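When the chains are written out, they are named A, B, C and D in that same order, and each has its own residue count from 1.
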């Protein structure tokens, strides 16, 4: 059956699987202390134009959010995120499990507004009782967001400026970074991101890897962008240190070679653009305007019933009594043929 | 200087201090395993008409909220509260520190609406991804609320019914229980509360005691209202077990004798009613309509400046550019003379 | 360079890699809700002769210990383990991070003694202050242990009996389960293990998989052996839920086919037996008598210096001023040729 | 009935109760931001000859240990204590609840040995796997100890030196500080303690107060002795911030006046010395040699049976099949008459 259910439903890009096959008889030391990891880290530093950056490999997105946020947020503080942010909604309380509150502000099609962040912090510090409240301790955004939207360079810089004004690092969740940075209209490169964010990650799970997220502490030279002390121990403490770290090194080594990561990410956006065009032509209602691999469409029940006989679509929520928001999600692996079939069905 | 800043600015009611003086040369075993505690618990069971209730004494409100919520909420769940709820705003993240998320719904003058609670839970369980989200695990409300408002018996029963429908205990924060239950227009007695809530507490800190909150697990006979297993150990684990537990027993023994607790609580409401009347007469704007010991008034700056030379008022937040919400708070200890002085100043 | 450093230095068994290649173009739903996982679980239930067992797949060992122990241990309790137990020593405090104390008793070549466990618990409950102490809440042992030793069926049954006597589940860490159950002299099968333990795991990371541990709640029908409520949510809360759960299903499906898991595990023990024989013949001192894939040898410095020019050995600790304990570790991937080379060098 | 069960069985010294009575009609601001607290802190700084010291008031001992240890210990680290240390044994896992492991080394009559601490840390950092282990992050000792023994100035300085060598603060639990510093043979003053420790507390609960512990961050000018950032918020986050902080200020103000704290503490030691003398004369076996208010005696059952008809003794543990360790505990409130009665009974 055709599926546009999500972007983690296929194993990995052939180049990644080949790389794993190639190294499968080699012997490597454990926990990421191997040459493959070193090589992949060097590639990442280079593509980010961030020679001082410190790179770490983790397994999954929620895990990475939990480990990084816990490590960069002071004990007395929480993480500021938009209400629709993944750690606030779909991580089963992983942040609170680590002792921190998620402090929420409104989202705008999934995005944070720098001005509202500023107002939130200003209000906090102006409150006579702020010492009895949870301090804003770091800022979390994602690129692309939960709703497939993207930040412009100026928007992200503005958020970083506010974060720094209130002594907070800016953490960018890049579970879908490839899709964000290669979207039509995105004015930001990974170099830009590395220059703006204090820590971010390059998502592998959803962009060509079997699994894996590459966390980059950018080490701008300021107080926020350095690596948390004894970070390896903190990763282990969260149960997040992969024994065969070389598997992560191998995958990111393959993905970062010859621009593969961005090339395959772009494929998803191209496919999504074609679908968006078809949806528009056929009079469908897009729930959000967004240029990346996630398309949210508000459909009526007969349409859903008809489509669901032929194609699996993703996440749904009720829009009103007779309409539902459906997600069409492309990926690095989506083929022209699959897109054609879907368009035919629409 | 005159002060209406809060309801915990004086030590304790003379009867409480006398009781402590009376027992001061006696020897008691530790950690609440003494006769004074037993006697006070018996009085509480009696006044609540809840012969099976299990009573525990803790020191303060945030502590009690943290210990009770942590003990009654499953690991995979959070506590549902209104946005203005004390644990969500003014407990420095004590709930998240214990690993649980505070799941918020809107407040209405500080109160939770049973229908909205129902909708929140229904939406949660209708979401295809609910297993990736924080389950609603218990319900927290306060009587009286942060804004001095009170629940009617029917309103609280409706909330309890929804809580139970979704397999959650209802926990009622009674830091200001005396003020709530003796307010003009309150149609609920402590017997009613004990019949509706699964666990609640009788606040001592703000109603006549030096310190102390009496937690009542009501043991209705259903699954929610029992005492958490090894609760003493859980209290100790939170650092909340008072060595000289008999001090708590002695205070509640005094407060629960001859209706003292409610008598002195009523005093605060009578004083507040007189102030409200004067405010109305003088054209002040009440921020909320509320019948208990907390009066929120929206004042302009000249008024605030004038008053602040003679009287300390409480908690403030900006209403708009030229107005501020001020709190006038009476207590069990407020005298007629103090009220007269304040009214003169208004 | 030759390496006997550890048992997780090679990627995966060819059959596992083939399986991943075979499924690489298929589409699967996320988070383990796929057919591959179902199929692998069915195989595991069958090999365990435990038709009611509930199987879950996690990524790594420390993660599995943290998630399982946290889920099966009450809030007021800790996990009882021997002093040398992995969660007590080499998990960076992952158990304490989840709020539980590791309660330690002495080890005997890495093993727990049922009598000492009984005495520990009896002493605990006989202490007048036990409510001020951390309750023993579950029992953790590993098969094989940190020192390569194994429990007999009778020994493990005795530990289970004591655990149940004190109302605790028995959790068996099987990170090296294959090596334990196929060791010369082991009188226990995986069916026996499933009949004795309340929860255990089949380690994949060290026995042929890229990564992965299969957790088995045995569901004996008693109170201890069931699955913790909302376990998926608890896994997610720990950041431990793999998006592409089908990768775990695929690997265990391959490993559990045609007895592959045990066949390749046995290879490591055969290799280790040959090395042990050679060590004995050459007069080396074994630090522990143990029949599995880990050989601990107490060596003097000149020997270590000589060997380290040609072969990487594992974990070391000082035995005395002139001797060090070295670990020779074989694995499912160790070849005859590697063993021959090592024996030559000894 | 006569009782030597513990040192927290009476309410408070008359001077403390008088002070509370004297201030009972005054109005104070909340949370310790009052003049009484300021005054008490000034007295403590003076008696400690530590003008830069920062003083905080908490309610109880386990609470203080949890809050302070959590605040001064890095996320990746634990607290080093002797096996018999209170946080390791009798705090229901309050330290682990806050996420930190208690790293134990042997005790010698309740005391830590600086050399063994050094060896523990040296071994830790010499271990090739130390990044997978819990770092030693702070050092906890108590003065006097769980067994009533005391550290000499040189012993405590040696422990501080080792702690600092490994980048750890030294935290001294002074729940029984008065009894420790006024014991016969103690060569240390509170000035000495303030010069050696990085943080310590002056126990009120067991020495004349209703409740309360005064935490002193000594601010020696090095990295360890400063106040943790946003400590008030961290206290609140633990549920440990007393609303009526002025009650703590008032009590310590009374205790620190005219040397009252040490005068009444000395009373307990004098009483204990008399009892020890009588025990020796009558041929009893002291379990530990210790000069403070706790006397541990190994008794046979007939003796225990006889005594228990007339006097309550404290904490017991089995010494062997026919003997038990009993605790005779004097306090600031023990009278000559009580001592005479007890000696008569022995």
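Note that in this section a contact is a pair of C-beta atoms (placed from the backbone, for glycine too) under 8 Å apart; a residue touches a chain by one contact, two chains touch by 3 or more.
Please read these numbers as outputs of a predicted model, since none were measured by experiment.
Trainee: Count the C-beta pairs in contact for B-D and for C-D, then report the pair with the higher count.
Mentor: Greater number of contacting C-beta pairs: B-D.
Trainee: With chain centres defined as mean CA positions, report which chain is farthest from chain B.
Mentor: Relative to chain B, the chain whose C-alpha centre sits farthest away is C.
Trainee: What's the distance between the Cα centroids of chain A and chain D, rounded to whole Å?
Mentor: Those two chain centres are 49 Å apart.
Trainee: Between chain B and chain D, what distance separates the C-alpha centroids? Give it in angstrom.
Mentor: 33
Trainee: How many angstrom lie between the centres of chain C and chain D, each centre taken as the mean Cα position?
Mentor: Roughly 42 Å separates the two chain centres.
Trainee: What are the residues of chain C that contact at least two other chains?
Mentor: Correct list: 76, 91-93, 97, 99, 131-133, 233-234, 236-237, 241.
Trainee: For the complex, which residues does chain B have touching chain C?
Mentor: 31, 70-71, 74-76, 99, 131-133, 135, 229-230, 232-234, 236-237, 241
Trainee: Can you name the residues of chain B that touch chain D in the complex?
Mentor: Interface residues on the chain B side: 3, 5-6, 8-12, 14, 17, 20-21, 23-30, 59-67, 91-94, 97, 205-206, 210-211, 233-234, 236-244, 246-247, 312.
Trainee: Using the touch definition from the top, list the residues of chain B that touch chain A in their complex.
Mentor: 76, 78, 89-93, 96-97, 99-102, 126-129, 131-134, 315-318
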